[in-house]
Amino acid sequence: MTMNASRLGLALAIGLALGGSAHAQANRAEVLHWWTSGGESAAVKELANAYNQAGGTWVDSAIAGGEQARSAAVNRMVGGTPPTAAQFNTSKQFLDLIDQGMLNNVDVVAARNNWDKILPAPILNSIRIKGHFYAVPVDIHMPAWFWYSKPAFAKAGITAEPKTPDEFFADLDKLKAAGIVPLAFGGQPWQEKITFYAWLAHVGGPDMYMKLYRDKDAAMVASPQFKALLTSFKRLHNYVDPGSPNRNWNDATAMVISGKAGVQIMGDWAKGEFATAHQTAGKEFGCFPGFGPKSPYLVAGDVFVFPKITDPAQVKAQQLLATVFTSPATQVAFSNKKGSIPIRTDVDVKALDLCAQQGVAIMKDVSRQLPSPEMLISPDLEGSLQDIITKFWNTSESADDAAKAIAAALKNG
Amino acid sequence: MSPRKPVFRHLVAWLALAPMVATVLWVYVGSVLWSMRISVSSSRTLPIGDYVGLRQYARLFDSERWTLSLQNMALFGVLFIVACLAIGFLLAVFIDQRVRGEGVLRTIFLYPYAMSFVATGLVWQWMLNPELGLQSTVRGWGFANFTFDWIVRQDAVMVAIVIAAVWQACGLVMALMLAGLRGIDESLWMAARIDGIPAWRVYASIVLPMLGPSFGTAFVLLSVSVVKVFDVVVAMTQGGPGLASEVPAKFIIDNLLVRANIGLASAASTVLLLTVLALLAPWFYARAHASRRAERVARALRASEPPPGVTA
Amino acid sequence: MSATMAPRRRMPRPARIGLYVFLFTAALAFLLPLYVMVATSLKPMEEIRLGNLFSLPVKITLAPWAQAWMSACTGLECGGIRAGFMNSVAIVVPSTLLSILLGALNGYALSFWRPRGAQAFFVILVTGAFIPYQVMLFPLIRALAAMGLFGTLPGIVLIHTLFGMPVMTLLFRNYYAGVPHELFMAARIDGGGFWRIFVQLMLPMSLPIVVVAVIMQVTAIWNDFLLGLVFAGHDWLPMTVQLNNIINTTTGERLYNVNMAATLLTSLVPLTVYLASGRWFVRGIAAGAVKG
């Protein structure tokens, strides 16, 4: 029994101490995110420094793995101890939370900083729900870049980046003939999924892409053009090595870094791996965002949502976070470390690397912006489509059957 | 020799068991009931209290991925349990033969149990990968036709996962068996040697039956691992290639966390629990029956013995 | 159980050699993943990228180990797994003690006193061990929040105690089932009540099985990630959360050497417990396995 009393006393003392110090911490904000690797940590440091300099106190809660972090955020909201801000993606992941009234909005900050004028349309559409701004965007990632090893290209006799899908296949053949693995690939379901919608956007075109994800157009899915697209996607399978199933995406990038493989289709976060290996864009590796000068630029990204807290001090902290995250200086500093591009085009991009500068330039062309699938469909439907794609990629299922399965999933989802 | 106050005796025992009763009712029964309630709702990211009938169950049984995961769990279960019991038993028998360095050997077979699968699973993925691991190494030694690419094949990936799972678990089974073996009286071996019975006969006809309880405990612990198998699959294959190594726990957790489908996940876990109950019920009934019989026999024996303190 | 270790039977020489060959080969097979982990943890990333999994490090570097312990990034902070070490200890010690105590109490009451209907609860308890934790999260979160324990150290200790109850009760119940009933009856005749017999007779006798239970619980709770993540709250996150942050990442770069070093470091605690109690382990399981 005495043990309980002293334990209670200790808890009380700790509680008092924490309570006391909370007053001394102005604008204390606990931020829950999933950025835990070396490069990501450096990027978060930029956000935290900017926030602290603006008069806030950043308390870090990092949990690796997007699903883990998001579910931890939801669990804490359910349990009554929500963080001040929680990371999500520009997607439909947090719509249910809005419906259940569990998020604060940041309309005040959005109005003050003219978000509707400086943010690109796909981002605006994913953070403005029913007329209110429920999330602050922090970066834009593009999941459909092409990364290639310059020594590998040289060895295969490829002198220029491919401008059409046919040229791409020809280059893959040249790589194969030179004894290099043409396409570095990681056979995990999510990688197969993003390769598919990257291929759909670049080869099928923005029209076909939007008909699938935004319109859920059954006629398009049954059309011969879509089936041809599925077939050409499956054709990529001839160019991956037999060890590709289960491989982490980093290991696939490592193949490009070491010149063992020629090309990888991956998001711009791959730059982190190249940077860790001390390789620079334009020297040891190259990057291009698609085929030709009008290739679509897929827009995906990270946002922070603000759980419903009524304490005015916390609300003030939430609004300060939203302001700091979107300021031009923070955006540039953060994007530089993160490998993403800023959410606003009115910033100075000299500090960013070659590929990022290319991305920012493309974003200025509104016609090339394409929202990523998770902005358009629910996580459930995205999962169902992922199951279909991974089955199509890994078995000898026909394009017809895959198209039928996709149509069925679109109808139910 | 009759108990003095039967009612009071039961009361004290129940008082001591109160935490267990509370746990059972509140944690297990309560959660299962809550989960069943959610499985008839349309809950997505958060629990909602509406009622949609058996729609989630219909979607569940329609799902190719769920059916595949049940089949994989069955295959995994049979291979894993049989392999662990067999290898654990053999290792225990061999270590029991007065070998030198028994302590070292026991630690070598037991250390995998100390490590979580997050990193060890990746090591197994690398080792079983044809380009990176054993196949390419052995081919490098000159055996050009050596193939060991089960982990990238749809039809063999579950066996690859069994290998890693057995590596982790059979140390514990070995320890269980070893202890059981140590509990067998020395005189048994003496008698067998005198009678000239070959060693393998002794093991097959006498030792194995005596180790029945050890096998029983091991079986329960291994079965729990089979039903909950998740970490090894995620770390090694993420359910791939394709859907070939999907397992029920992964289906449930994916729908719970990633696809925001709490309703469907609850339906799946209810079905899983009912399946487990259906498989376990006969075993529990048989054990309860046997223990009731043993108790009757024991009571009869005690009744016929002189009370303690009286010289026979 | 025999105390003397007389040789069982004389084995023919070739069979003896075959025995050692089998054990040696099995040991090598078991050690292979450990070798890969240690070798990878001593290589620089450039060498790992080249992909020679089984090769010895060209030049051994201990930097990944130092990084894993002290400077690997786990979010904003880059403090390695060291940050969560004391939290894990603070969680493991009371959880192990409480869950073993309750398991022993339950096993004792179920084995000797056998109140009517208790068997049914026991069966449900063991069945509960088969349910994946994730399914039970939401109701438990709500309940703990209502009690004010969500995100606190007592809360996570309570959760571990609850989830450890099935296996612990099973272990102790089987152990006490192997204890002769006469012992218990004699103690009752001598005037012992429920608690006196438990504390003065049964607990001291249970040392071997307690050691077994310690090994199983320390391993399970030390390596637990999910329950600690959900219920321990920001101030008490266990080391496994840092470990997960180091190893797992969605789109960040992966440093495999640091990951392996971090995993090996984390596993040192359960391994030490095994080594320290190795001989007890074998003796203890024996009694617990008498009646399956």
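So that you can tell them apart, the chains are marked A, B and C in the order they are listed, and the count of residues begins at 1 in each.
Keep this in mind: contacts are C-beta pairs under 8 Å (C-beta built on N, C-alpha and C of every residue); 3 or more make two chains touch, one makes a residue touch a chain.
All values derive from a computational prediction rather than experimental measurement.
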Higher-contact pair (C-beta pairs counted), A-B versus A-C: A-C
Relative to chain C, chain with the most remote C-alpha centre: A
Whole-Å gap separating chain B and chain C, where each centre is the average of the chain's CA atoms: 15
Centre-of-Cα separation between chain B and chain A, whole angstrom: 38
Inter-centroid spacing, chain C versus chain A (mean Cα positions, whole Å): 37
Residue list for chain A, restricted to those that touch at least two other chains: 68, 78, 248
Sites on chain C at which at least two other chains make contact: 51, 138, 244, 247-248
Junction residues of chain B - those touching two or more other chains: 122, 131-132, 256-257
Residues of chain B defined as touching chain C within the complex: 1, 3, 9-10, 12-14, 16-17, 19-21, 23-24, 26-32, 34-35, 47, 91, 94-95, 97-99, 103, 105-116, 118-120, 122-124, 126-127, 131-133, 137, 167, 171, 175-176, 178-180, 182-183, 185-186, 189, 192-193, 199, 212-217, 219-221, 223-224, 227-228, 230, 249, 252-253, 256-257, 262, 265-266, 269, 272-273, 276-277, 280, 284, 287-288, 291, 298, 302, 308
Chain C residues within the chain A interface of the complex: 45-46, 49-51, 72-78, 137-138, 141-142, 144-145, 150-152, 154, 229-230, 233-234, 241, 244-255
Touching residues on chain A, where the partner in the complex is chain C: 7, 11, 30, 33-41, 44-45, 48, 58-66, 68, 72, 75-76, 78-81, 141, 248, 250, 254, 257-258, 260, 267, 269, 272-273, 275-277
Of chain C, residues touching chain B in the complex: 1-2, 4-9, 11, 19-20, 22-23, 26-27, 30-34, 36-37, 40, 51, 53-54, 102, 105-106, 108-110, 113-116, 118-119, 121-132, 134-136, 138-140, 143, 162-163, 165, 167, 169-170, 174, 181-182, 185-186, 188-189, 193-195, 219, 223, 225, 240, 243-244, 247-248, 256, 259-260, 262-263, 266-267, 270-271, 274-275, 278-279, 281-292
Chain B residues within the chain A interface of the complex: 44-46, 59, 64-65, 122, 125, 129-132, 149, 151-152, 154, 236-244, 254-261
